[in-house]
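Two complexes follow with subunit A in common, the first pairing it with subunit B and the second with subunit C.
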Partner chain A sequence: MGIPRFLNVWGTHQFWVGFFNALGVGKVVFSSETSEEQYRTYGKGRITMDSCFPVKALAGHIGELLYKDINLLFLPMIYSLPSFLKGHVMDTLSCTRVFMSVENIKAGFLREGNVFEERGIKMVSPFVPFAEAELLPKYLWTSLKEVIPGLTLEETGRAVKEGFKALESFEKRMREKSLEVVRWCAKNNRPAILVLARPYHMDPGIGHEIDGEFQVYGYPVLWYNYLPLDDWLLDWLFGKEIREGIIKSPFDISDVWTSSYSSNTNEIIWGAKFATRLPWITGVIRLSSYECGMDQPTFTPVQKIVEGSGTLFFKFGELDETKPAGSVKIRVETIVYYLEKYSEDIIEKKLRRLPPLPEKLFL
Partner chain B sequence: METKEVHYKAYKPRPFTKEERPSTTILFGGLTWKHERLIQGSLERVGYKSQPLPNIERQDLDIGKEFIDVGACCPTTFTAGNLARTLTTLKEKEGEQTLKDRYIFVTIGSCGPCRFGQYHESYERVLEGLNLRDFRLFLLDLLRMEQSAPGGGLEISMPLTFGLVYSMFYGDLITDMEYAVRPYEVKEGQTDRVVEESIEVLYEALKKRPIKGKKLDSLLWHVFTDYFADALKEVRKLWDEVEVDRLRVKPRVKITGEFWLQTHEGDGNYNIKRWLEREGAEVIPPPVAVWMDYLINMELFKLEDAKGFVKKYYTKKFAIQTIAYLYRRVYDKLREALNNIPNPLPDQRKLKELARPYFHYRLAGGEGHMLIGKALYAYKNKQAHMICELSPYGCLPNTMSIGAMAKVLGDYPDLLYAPIEIKGDAEVHAYSRCQMILTEAKRRAREEFEEVLEKTGLTVEEIRDFEEKHPKIKRATYKVPHYGYAGTASNYVMHIAKLMGRG
Partner chain C sequence: MLLLGIDVGSTTCKYVLTDKEGNIIHKAYERHNTKQAEKVLEFLQRLEGNFGLKPGRDRVYITGSGGGFIGELIGARFVQEVVAVATAVEKLHPDVRFVSEIGGEDMKTIFIKEQEGKKNRQVYMQNVCAGGTGTFIEKAGRKLGIAPEVLSQMGYEGYTLHRISAKCGIFAEADVNSLVKAGVATEEIIASLFEAVVYQNLSQLTKGNTPLPKVLLLGGPNLFFKGLQEAWRVHLQRLWQERGIGNFSREEMERLVLVPENSVYYAALGCVFTALEEDGGVYAGYEKLLWWVNEGQYESKLREGKCGLVSSLEELEEFKRKYSYVVENKIVPKKVDEVVIGCDFGSTTAKAVCITPEKEIVFSCYTLSKGNPIEDAKQIFRQIREYLGNGRVLALGLTGYGKDLLKDVLGADVAVVETVAHATAGLHFFPDADCICDVGGVDVKVMIIRQGSVVDFRLNSQCSSGNGAFLQGVAERFNIPLSEIADKAFSAKAMPNFTMGCGVFLQSDIVNQQRKGWKAEEILAGLCYVLPLNVWVYAGNINNLSQVGRKFILQGGTHRNLAVVKSQLDFIKSKVPDAEVYVHPYSGEAGAIGAALVALEHYKRHQRTNFRGFEAVEKLTYRSITSKDTVCSWCPVNCQRSFIDVYIGEGEGRPWSKVPLEAGWVRLIVNNACPKGLVEDERELKAVKEKMERVKHEFPNIADFVKKEAFRTRVQKVH
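What follows is the complex of A and B.
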């Protein structure tokens, strides 16, 4: 089974590993991380429209998998996502381009003949609504029974449960790691950086490893999608506003963002709110790809949310296929200058706005 | 460094009260001037003063870019710029306080995953940019029959909702008439004059419409009344007077695309429909009603997928099917009042099935699978010689279905398809792309026409003679059946042949 390492597979890959393991699929092979070489070698001539690079890069991933030892190619159309904000927001949908990308890029491999068949590979592209728990197994089963003989709906349902278990377990570990970082910052009174992006900006070929540049300077980096969600921590950060009736729960973003349909957007907005409150996040780095229509309406609100608390905000926008290494380096140097100059002051002022430090921060 | 804490808050308009209603003007926009004038009539009937935003102009694109975040799609930029221009003008003319107290702006939000659901964020940037955060902007949900905005001044009741639905239907039907007639009008400019007169007649009909019932009784009255069809029968008399020459051989070009851009008539899409007509085409405009039909049917398709998981499945299915049926029935009844010259609504299930090998119907956002379905429907049913799909620069869903069309074109290489990216400031480029496909469409229309002449053995002179003896067939309201040809002239020749007993 080959799965491209693309778009929302970045946030759900552990689900797919758990799911296919439970179904007894022999081996799951992911494509490599995105790279210019991959895109040019395998994606050339397959793009049928102009779009953001994360979508176009899918052509390179599919093309690469055609040359791997696989007999099934799995291209999930992930319509909605599992999200810790579910129940607190209007919906948890993927970006339109993200969930439509498979139909779009697939066309480039099918328009002049069926390249998949020519390579002896069966291709399935199920509709995947993670937010519709009852329907998810049905949609997966409807597609997969065509390529996995004898597969039943019940088996698929059980595998979905295993997939969610694997995903939850992975996310729990990641959030624990983030809490470790927060604790280290608290104990040492050291600043950290929070990255606000889309999950696929973790792909070095999409996010261009900009977060790593800050680690070189000794700044721990947290990602918005794996922040710690421990009750005691969230109560420390959001409790006062809940008690004052400004928000209903720590996960309520309606005070700053009303059209909360998009899962990634909602989590970015929530991450921004978290950053304004956690004292040791002194700088927020926003990553955004060229022509990202989901990010576009959020630019001003996110910046204002973050800067409203005095936290430093920097945006690397219009990211595309080529890594702008020189300009990234210069900007990182500048940002680091500001972080060094102002972090201590920011931590102190943010701490003053909060109740006394929780003991659990120093365990 | 000063690190004063200022918590950012989402925009929340001041309440708009019932007491303010008589002295407050509702600003709205986003459709054609015809639809907007009719909506005005519907609103006035239930006690609202209203004013459509001025027509979109090229300058709105530049104004919009000054206010909203970089990277917006062109409909967002144009409409945000249009709002900014309007508010600036009103502020200059009437003063800031009057603008804040006596005007509100109402817009629609829905859709979810697409940016359409977040347009209001851009409008809020406009208010911030103009230092008018106190100005009231209300967001209504497209899919709710009844709703109200904070303060109770803006109440969307059933009678108002149905008034708005009829405004939409009327606007669509007159637009269909307009584009079916203008390319063939004998007296230049007559169609445009009749369109204006028709809209005024219908505006008055909506403004004077009876308000019957509040809930279910209101629904039943609006579905079964003849009031709205009768108004259209009056309008038909205006169209009866328009003489057309259907022997003009023209390629029929079906317009599809992103909702705002395909519906729009103005600088926002380079006035491309008028340009196509000047270039010798007959345009098939996209009715707003198709999109609403799509939204209703999507609920049905989703429900069908969930069979076995939802309670009262059959009751719910029956309810949605009934709504879909009544929606279509009302539209058809109105079409009939215009002798069925306006096009029928396409069968949404057919669109879904046609698009299925290329685009999953659950991938909802923008027009979803419908654009592929429409292109194939028009091609397979010989509705048009060519599809012109208007795609806004930066549109999220539209670019995706355009990409998926690559496989459709691989399977149907004969399908003439012109996807035109509209940025708002690259007119020549768009015209040039469209022109390339249009040239081939013209050739096909001519070939088809000659084929019909040959098949029927008729000559143009014989048809002219027949027309002289039967002048009623030259009326714009005379219905020529579809004989399986895309072109109006070809179907017309075949029809004459049938009438002459030679077909």
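What follows is the complex of A and C.
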């Protein structure tokens, strides 16, 4: 089973691993991380309509997998996402372009003959509404039974459970790592930066490893989608507002963002709120791909939220196929200068607004 | 009956006067300094007075970019310039198969083929790009401080050639700059320029045709530059050998590639030869042209243009009262005991300032960047030493292109990124600014400030349209000194309309406006007027200025030009009616001041400096190497880099390098087109990466854990 390492597979990866492991699929193969070479070698000439680069990059991933030793190609059409904000927001939908990317890019491989058939590979692209977990078994079974003979709905249901278990366990580990970073910052009174992006900006070919540049200057890097969610920590940061009735829970974003339908966007907004409160996040780095329609309306609100607390905010707004190495270097040097100059003050100022430091931070 | 052929080009006018058989009686080749019509008028008056040119009897044929409208005024018949050249070539050299004519701002090639006894011409021409034309060679020569007569005798063969971008004159200029900075010998740079010009002509203007012998080289540059002729012969010799046309010796090449004595007159001669074949073009006298020079041009201009930069003298005076400090402000040396030094090593100049711990600016100096960064630094520090005497240096900050290269060599405390240096300098004087617009000689920087930090910026050093060098270049061509540009521009009562965009296109637009009769000062006014549009919209890509804020600071050398300041002011106010616009009091030194201010912060925190001291800087020894071993191999462009090795005592050396470096030395890599080239090769990259990975390990990134674990295809056991 080949799965492209694309778009919202970043964020659901371990679900698929757990799911297919449980179904007894012999071997799962992910495509490599996005790279210019991958896109040029395998994706060239497969693009049928213009889109943001993360969507176009899928062509490279599919193309690469066609030359791997696989029988099945799994291209999930992820309609909605699993999110820790579920229940606190209107919905957890995927971007429509991201959701439809499979159909869009697939067309480029079918235009002049069916390339999948030529390579003897069966393709499955089920509709996947993660927000409605109870419907998942049916949707997945309906399309997978065509390629996995004898597959039953019950089996699929059990596998879905295993999938969620694997994903949750993975996310828990990552959030623990983040808590370790926060504890290190608290103990050493050192700043960290937080990345607000979409999950696939972790892909070096999409996010161009801009976040990594800050490590070289001595800043640990947190990501909005794996922040620590421990009760005591969230109570320290949000408790006062809950008690004052401003928000209903730590995960309530309705005070700053009302049309909370898009899952990634909701999490970005929540991350911004988290950043304004956690003292050691002194700089927020916003990554966004060129022509991202979903990000556009969030730019100003997110900036205002973050800067409202005195936290520094910097945007890398038009990421595309190639890494603009020269301009990234100057931008990072610029940002690092101000982080160095202001971090100490920012930490102090933010600490003053919060209740006393929780003991659990220093375990 | 006399025949007159006139060629009105973009930089010069030429004429040939012949008898009715076409024998030359007189000829002239003169620069017109943008006054095409005036120059032709002068020619006609001279010819009537001294050579008996007579209206109603003699015939005039005219060609060149400015020939059309002047021709109409004097009764001349217009001949398209390529046709004119080809006509002359076919008549004078029946055996020539390929012609290259290079002009001031254009270049042409003509392929002449003979089929069944009939000649047919294939003509290619380009006049929108400065790459490959004469202006570029001259400009580079001026920049390098080479007198025209020396330049014309400089050679091509036998010199090490360096990569100079041939495809755009403006990029090429940047390449020349970096070669100069790398300490490459002037002779090699000039030889490389000739190479670039020939390469450009062959790659752009042959379109798959092979130039065949014999070859004729025409136009000013081909005639005047000996090195350019050499470059053509070397290239063609190689080309003919490769394509099996023949193995020719150098002597044969001399014979096969001709540069006729009348090289610059071929278009004018072509006019005369055309006149010999037909009737018409009877000279009508110069009265109409005289009227046009004195009156007509202004009338037609007023119809098209807009009014000047200022609408009244009062407006100008009020503006000057408020802003003339921009020009008048000078940093007056003041003796103090302790200073912090800030240096800005830019692409064309190196500047330095000294400030006191109380942030008072007490000294400034600069040097034109002329060879290599080490020499520039020595020059700068000699000046500071002379000023400072026994005073103490508390800290040293560097910024600009050379900051990273020189940090260890000079023992600087901070290497400040340009954005920060310029913003710090601006915010020092105007602490709550929203936006700083720095327009320098070769680059444009727009920095957006929030919370005292540069949160966003636009840098543009790839495009010359908004920068000061472009304006200065145009003024230079008009023989207007830098200090007079503003007053000239203010003196214009009207100005032509320029469209925003690429500098190269603006250049041809200028030629166009000249043809309409717009004068130097009016063109300069128009260029000042369009500059803000180029800075903000074209180079800065900022379409909504009001989103940026309302408090603007203008700085950078170009804002010492009051005409530019006035245009900026009007432009910003038109977009943001309640805008406050300030001009930095020391516009040109902003970068150096910023570097000094950041160095001062550093001093306050650490109370010590790494500065090596004046004596050590003076004694720096270095060697510069440019060879095949210094070529960058990271990408197919293969930049010809140079290594400048400097002895600083504690350098690590590079024993593993292709160009080994002993301990005690450090290497500055210059002449690389991109940051990747700063790394010598794979071995250095490996060392750098390992070092980076070690640091990264200390400061974790959640994304690294995700990337490592998320795509494991076996479910992890949960403990």
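Going forward, the second predicted complex is superposed on the first by the 363 of 363 C-alpha atoms of A that agree within 3 Å, B and C clash if a C-alpha of one lies under 4 Å from a C-alpha of the other, contacts with A are read in each partner's own complex, and residues count from 1 in each chain.
Quick note on the criterion: a contact is a pair of C-beta atoms (placed from the backbone, for glycine too) under 8 Å apart; a residue touches a chain by one contact, two chains touch by 3 or more.
A quick note: this is a predicted structure, and the numbers were derived from the prediction, not measured.
Model built by superposing both complexes on subunit A: subunit B and subunit C fit together without a clash.
Within the superposed three-chain model, A:Asp211 lies in touch with subunit C and out of touch with subunit B [touch as defined at top].
Contacts of A:Asp320 after superposition: neither subunit B nor subunit C is touched. Residue contacts after overlaying the shared chain place A:Ser259 against subunit B, while subunit C stays out of touching range.
Shared-chain residue A:Gln296: touches subunit B; no touch with subunit C.
Once the two complexes are laid over each other on the shared chain, residue contacts for A:Tyr342 go to subunit B and to subunit C alike.
Seen from the CA centre of subunit A, the centres of subunit B and subunit C span an angle of about 80°, rounded to a multiple of 10. Applying the stated contact rule after C-alpha superposition, one finds that A:Asp230 touches neither subunit B nor subunit C.
By the touch criterion defined above, A:Gly310 reaches both subunit B and subunit C. Touch criterion met: A:Asn104 reaches subunit B, while subunit C stays clear of it. After superposing the two complexes on chain A, the closest approach between C-alpha atoms of subunit B and subunit C comes to 5 Å. Overlap of the subunit B and subunit C interfaces on subunit A: residues 310, 341-342. Put simply, subunit B touches subunit A in their complex at residues 1-11, 69-73, 109, 112-115, 117-118, 120-122, 125, 128, 139, 305-306, 309, 358-360, 362-363, 365-366, 394-397, 399-410, 421. The touching residues of subunit A, counted against subunit C in their complex, run 5, 10, 13-14, 17-18, 21, 27-30, 33, 162, 166, 169-170, 173-174, 177-178, 180-181, 195, 202, 204, 207, 211-212, 215-216, 218-223, 226, 307, 310, 312-315, 325-327, 329-331, 333-334, 337-338, 341-342.
Subunit C contributes residues 416-420, 450-457, 459, 598, 601, 674-676, 692, 695-696, 698-707, 709-716, 718 to its touches with subunit A in the complex. Contact residues of subunit A toward subunit B in the complex are 47-51, 55, 77, 79, 90-91, 93-97, 99-101, 103-108, 110-112, 125, 127, 129, 134-135, 138-139, 254-259, 261-262, 276, 291-301, 304-305, 308-310, 317, 341-342, 345-346, 349-350, 353.
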